[in-house]
Amino acid sequence: MEDVQSGPAPVALPIDSVGIRGLEVPLVVKDRACGVQHTVAVVDIGVELPAAFRGTHMSRFVQALESRTEEFDLAALKRLLEDVKTRLQARRARISFRFPYFVRKAAPATGSLGTISYLCRLTGDLGEGTPCLLLEVAVPVMTVCPCSKAISREGAHSQRATVRLAARLRGFCWIEDFVEIAEASASSPVYSLLKREDEKFVTEDAFSRPTFVEDVARNVAGRMLKLQQVEGFRVEVESCESIHAHNAFARIEHRFSPVNS
Amino acid sequence: MEDVQSGPAPVALPIDSVGIRGLEVPLVVKDRACGVQHTVAVVDIGVELPAAFRGTHMSRFVQALESRTEEFDLAALKRLLEDVKTRLQARRARISFRFPYFVRKAAPATGSLGTISYLCRLTGDLGEGTPCLLLEVAVPVMTVCPCSKAISREGAHSQRATVRLAARLRGFCWIEDFVEIAEASASSPVYSLLKREDEKFVTEDAFSRPTFVEDVARNVAGRMLKLQQVEGFRVEVESCESIHAHNAFARIEHRFSPVNS
Amino acid sequence: MEDVQSGPAPVALPIDSVGIRGLEVPLVVKDRACGVQHTVAVVDIGVELPAAFRGTHMSRFVQALESRTEEFDLAALKRLLEDVKTRLQARRARISFRFPYFVRKAAPATGSLGTISYLCRLTGDLGEGTPCLLLEVAVPVMTVCPCSKAISREGAHSQRATVRLAARLRGFCWIEDFVEIAEASASSPVYSLLKREDEKFVTEDAFSRPTFVEDVARNVAGRMLKLQQVEGFRVEVESCESIHAHNAFARIEHRFSPVNS
Amino acid sequence: MEDVQSGPAPVALPIDSVGIRGLEVPLVVKDRACGVQHTVAVVDIGVELPAAFRGTHMSRFVQALESRTEEFDLAALKRLLEDVKTRLQARRARISFRFPYFVRKAAPATGSLGTISYLCRLTGDLGEGTPCLLLEVAVPVMTVCPCSKAISREGAHSQRATVRLAARLRGFCWIEDFVEIAEASASSPVYSLLKREDEKFVTEDAFSRPTFVEDVARNVAGRMLKLQQVEGFRVEVESCESIHAHNAFARIEHRFSPVNS
């Protein structure tokens, strides 16, 4: 049967990345509290294609994914990158897994336990040498507006905001490390389960620490700069302003270049 | 050229609705303040298909849309429904236009003008007799939590919420009528442009009228029940709780059955 | 501490449904091939609220979810509905779980195994008496256009389409039952892993069975009418027409009324 | 009234970009065929904030937008960037407008006219000197698989794909220029309105020019390299494979660095 893909390219240009997107798979990931946890991931995989070849072989990406051993961590991602490079005879491979990561969190007053999820993405990029690893975590938080609080006779507008942290790793980090940094940097963490005593605590705590999106971004950046395992990072805070229909955002980057998936 | 669609259906069942979805077109709609306004709409059109015919003729939907005269209102929608029924020789036609509607709104203290948009959908359903008309408007508002306010030493969590109003019309209503009902029913309207004096006003005003999603839904329903032009309605309020990563919602229906698009 | 929610409602109207939306949780569901499988779900829960009470107690929804025993099936959903009704002292409760369901599928020629996911939603509604159960499954399929094939010298446009099946259950059904019905009703199933021999098979098989969206909807409906466990259903087919930027759809309903979440 | 934003930042780090996102406004843009056209845009605006200041003044972004004169083109974008820099006393400003752009297109056989929309984004970034301008256009096209065609006895799978072109401009380009490049690079353009004769033409034309995502990306890149007004570009092609539930993609970049919004 003819292998059309291996034929010559009509336009002889190299392709930076070619592959598949949006494949959903079950995933078992490392969990700081419980050893492992079960989740699901959406996977993107791509490879470089030299100018000489017309097409890549898309089914091999899926075969590489299917032949994974179950547990997923940085080491498993590196092995998968090597495997994809070999199967596709490629000089460079990039893989990303996007998945919700679950944490059981205790409410601040009653200690009631509630499960909350954080959307994460782990991306690996392997050319020659050691792979480049990027961890992204989205952490919902609460912000109380310092301006609204200072100028109003009573109250202050507050809202849900999202801290999106992306970090190039030089060593191992727990997703929980990033979650804790984001939550400590805003007016308050958010929770799935809050009893009345907890709601009182969260409200008063948040109002004692009003933060602009600028404050949250800087607080996160200040903490990230101290993490040995992080080579460079980008933090973006976006708040669903409760007095507007549009959002506010602030972004700080430090020695950061994005990885295309 | 063979007309495959007009051939017999292999399985002789009538089809409730068949048509096209997601066609984007420019739209000129009636505007209470300015006469008309320009916006864009995503259009869905469908017709009933009897058991005897294999397929409908999809291109005729687009032709009907293309032959519209520019200005769009209830009368134009009715004419379009008739036109689609005729072109498709159908017993029943349904059309919906989903579009942002723009309003210039004055800030409450300084009167500064800012443009804000409300996502609307106007649906018409025409079988025998008079068409059934459904107007849907999504209105972003602000809610301050009454419980958080009552139990906390200071402050109260607030958030952006969306009021989604759907009403079966028996007469003409302005989109602005629904917007005003939704905004009067929450802790505060939201605005695009707020100077510092306005932000103080909005904060204090919102904190003087704390509302649960249940309160907002009931306030809207109470006002809708008095509108002569409305035959039945559904109101749904969904708030992006600032202390949680999930949302809260409340829904009230009154003599309401949804129209499928 | 004051219980503001239990106070009187300023506007004394009953609320059809009030609750939480968008809470993400890990889920273990029954699997026809493997016994059980791990996935994640987004959960919505709501209860009726009488005119006399101002608010519901949102934290109890989360507590009910947290106290679930691990495995999820129709029986577990019924127990959860009872539990929510009791905790909230409500006359009626509705719960829905939306989750990807994974199936390992063999390619048609080589038998290569690839994992594919189907987005499902299981909704329960419990007032007095027995609960009402609704299963929804979205199945991606391939359609080849019969008209394009009949009139063209060569080829025919094909595209990915989605069959969305919603059925009110009176007995147990496997998700796989619905998947098989949808796949048998289109021009071809889709697969995650196809080697060259498989791609040849799928292409030729699909071109031997060209289908309009109308054909697929009728084929599905004809098969659903024979299922004893199904009381009523709605099937909707939407195809991403490869010759257009908009979609085509067809819908058939049989003894079906939607459940609001 | 206190100006909290102008106070000192608790953590003295500069912020790369701070501003607003998701503000929807009506927009009048240049149109090659008709002079101007009315559409709607979603706007993001951000400025750099030095380490010394705690916060930016968000309302000034909206004021700048509100004081625009109606017609929008590259010159108007440059004036707006200057205006934002001045109002915010910022060293650097970035603004992006995302909007559907409408084109009336003649069907290839009958010449029937149908309106089709292309999602565009125009971004300007102004520090010292001349602004950096980025135009992005998403063009839906049709691809017929060369491998499927070569190995199958009959037919070949085809699908809708999207060409996403992003180009750094050194001179004026029409959106239509990018649309034409994308459409000429795939198996066939897509249309809103196709009569039977047109459907025959499109099918046969597409089957005479089968293309992989790799081919489309290279064809586009080859054409973009010849455009004098383009300094650098990125082309990404993503196809909704009709034999899979996941997508295939290919990307080529040439002297391209993304602009963050």
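Read from first to last, the chains carry the letters A, B, C and D; within each, the first residue is number 1.
Everything below uses one rule, namely that contacts are C-beta pairs under 8 Å (C-beta built on N, C-alpha and C of every residue); 3 or more make two chains touch, one makes a residue touch a chain.
All of these numbers come straight from a predicted model, not from anything done at the bench.
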Suppose chain centres are the mean of their C-alpha atoms. Which chain sits farthest from subunit B? A
More contacts between chains, C-D or B-D: C-D
What whole-number Å value describes the gap between the mean CA coordinates of subunit B and subunit D? 28
Mean-CA-position distance for subunit D and subunit A (Å): 25
Subunit C and subunit D have mean C-alpha positions lying a whole-number Å distance apart equal to 34
Any chance you could list the residues of subunit C touching two or more other chains? 1, 23-24, 117, 147, 151, 192, 194, 196, 200, 245-246
Subunit D residues touching subunit C in their complex are 116-117, 140, 142-144, 147-149, 151-160, 188, 190-192, 194, 196, 199-200, 202-204, 206-208, 240-246
Would you tell me which residues of subunit D are touching subunit A in their complex? 1-2, 4-5, 9-11, 13-24, 46, 49, 54-56, 58, 146-147, 150-151, 212-215, 217-219, 221-222, 238, 245-253, 258, 260
Can you check the complex and tell me which residues of subunit A touch subunit C? 1, 3, 23-26, 28, 37-40, 59, 62-63, 66, 100, 102, 112-115, 117, 192-197, 200
